[in-house]
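Sending over a structure as structure tokens; questions will come in a sec.
As written, the chain order gives the labels A, B and C, with residue 1 at the start of each chain.
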Amino acid sequence: MEKKEKLTIVLFSGELDRALACFNIVNTAASMGMEVTVFFTFWGLNVVARPGPRFGGGPIKSMLSLMNRGGAANLPLSRLNMGGIGTFLIKRLMKKEKMPTLEELIRLSKSQGVKFIACTTTCSLMGVTKDLLIPEVDSMAGAATFVEEARDSGISLFI
Amino acid sequence: MEKKEKLTIVLFSGELDRALACFNIVNTAASMGMEVTVFFTFWGLNVVARPGPRFGGGPIKSMLSLMNRGGAANLPLSRLNMGGIGTFLIKRLMKKEKMPTLEELIRLSKSQGVKFIACTTTCSLMGVTKDLLIPEVDSMAGAATFVEEARDSGISLFI
Amino acid sequence: MEKKEKLTIVLFSGELDRALACFNIVNTAASMGMEVTVFFTFWGLNVVARPGPRFGGGPIKSMLSLMNRGGAANLPLSRLNMGGIGTFLIKRLMKKEKMPTLEELIRLSKSQGVKFIACTTTCSLMGVTKDLLIPEVDSMAGAATFVEEARDSGISLFI
């Protein structure tokens, strides 16, 4: 039954609502004593990117990095974003209800020992290097590492 | 091997197509004798919301509830919605092919003993109380309940 | 522990980025000796559809097939598609970085023995017959087949 003691999540999405759902599950599982790993891939890299555009690596990468701004504080909603108005309203509501922000949830998960892995394939595609990511990211690794972790996990989710 | 007898789904999405996929899997698994739980969170709450806007809880919640109308009969498609035309066409096609509607799939799953849990965190964020949800919802609970269920499940999916 | 030797994925999404994530995981798991099954449903059918519109089955199906063009080479991004510009840029970047295309990843997975199943319910809804799908698709089956496979799998994902 030890298999059920691990949770592994692929965070593919870069939207605020999905990232909030991810980190709510992550923090809950960690507080219940589970060993948790989050594998950040594709748009999910934005969640652990330092804010601001990323440059370098040629014109296409620069253009993509400009359009695809990272940083947990800058993520849009997957629905009702409405040029940022919906996102602003949800954030205000969360504050009013005294809910933790995404950045706080990320820090909390780290203090609970959650492992953060950034996908090397996406990083090289998008021109993201380790120093462009927040320090909470433990390592960079490929899909094989995810599969290894998930094989040992009682719960594996793709978000 | 008893572990494989449970299926737990987080329904995060509030779109017709994803809800249909969810309830097709749910009903199939239940008819195969599996114990099934669906945990409705974020936009997924719309699937089990009573139709019409929800009010109360201050101006932001009222505004959000107006823009985010609930009810299984009112969900848009995640793609090709086109102001409702695509959704209308898919629904007509489903009717023509004599496929059950989402509302029918929900009722069927209930008659098969599927457990419906609404996420308390989302409910308090969006100002949704139990009486604004359809009676098929058994209870309201937090992420810890989901993690507990998923730990015991052979299949856990995030939709 | 033999349970952990199987991976089953529902590919519900029809976007290039999600399909790439799916086939990266699939190929990695297969190369690690896992038995892999991909169940293509709803928009995910586009990934294994032959290119070009599909006709027949009445006016609604024809209209939907025109708006919902299939083929692994024609999929849009889920974000930053921008009328195809973002998708074009990502594809150029992948080529420049010498990454395999989605079509190559699909062929590779097939050569590694990955099983492809197309969802019969979606096929009949959208008027898709076996000859409109790429030859890599092994069979057409319903949700019961997915549930059976997933029950035996150490990792099950909904993408």
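The working rule: a residue touches a chain if its C-beta (ideal position, glycine included) is under 8 Å from a C-beta of that chain, and two chains touch if they have at least 3 such contacts.
Just so it is clear, the model here is predicted, and its values are computed rather than measured.
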Type of chain B:chain C copy interface by residue overlap (half), same or different: different
Copy-to-copy rotation for chain A and chain C - C-alpha atoms, rounded to a multiple of 5°: 120
Inter-chain centre distance, chain B versus chain C - centres from mean C-alpha coordinates, in Å: 24
Touching two or more other chains - residues of chain B: 156-158
Contact set on chain B toward chain A in their complex: 3, 10, 12, 14, 41-43, 58, 60-61, 63-64, 67-68, 121, 124-125, 142-144, 146-148, 150-153, 156-158
Chain B - residues contacting chain C, complex: 4, 7, 17-18, 20-21, 24-25, 28-29, 32, 34, 78-80, 86, 89-90, 92-94, 96-97, 99, 154-159
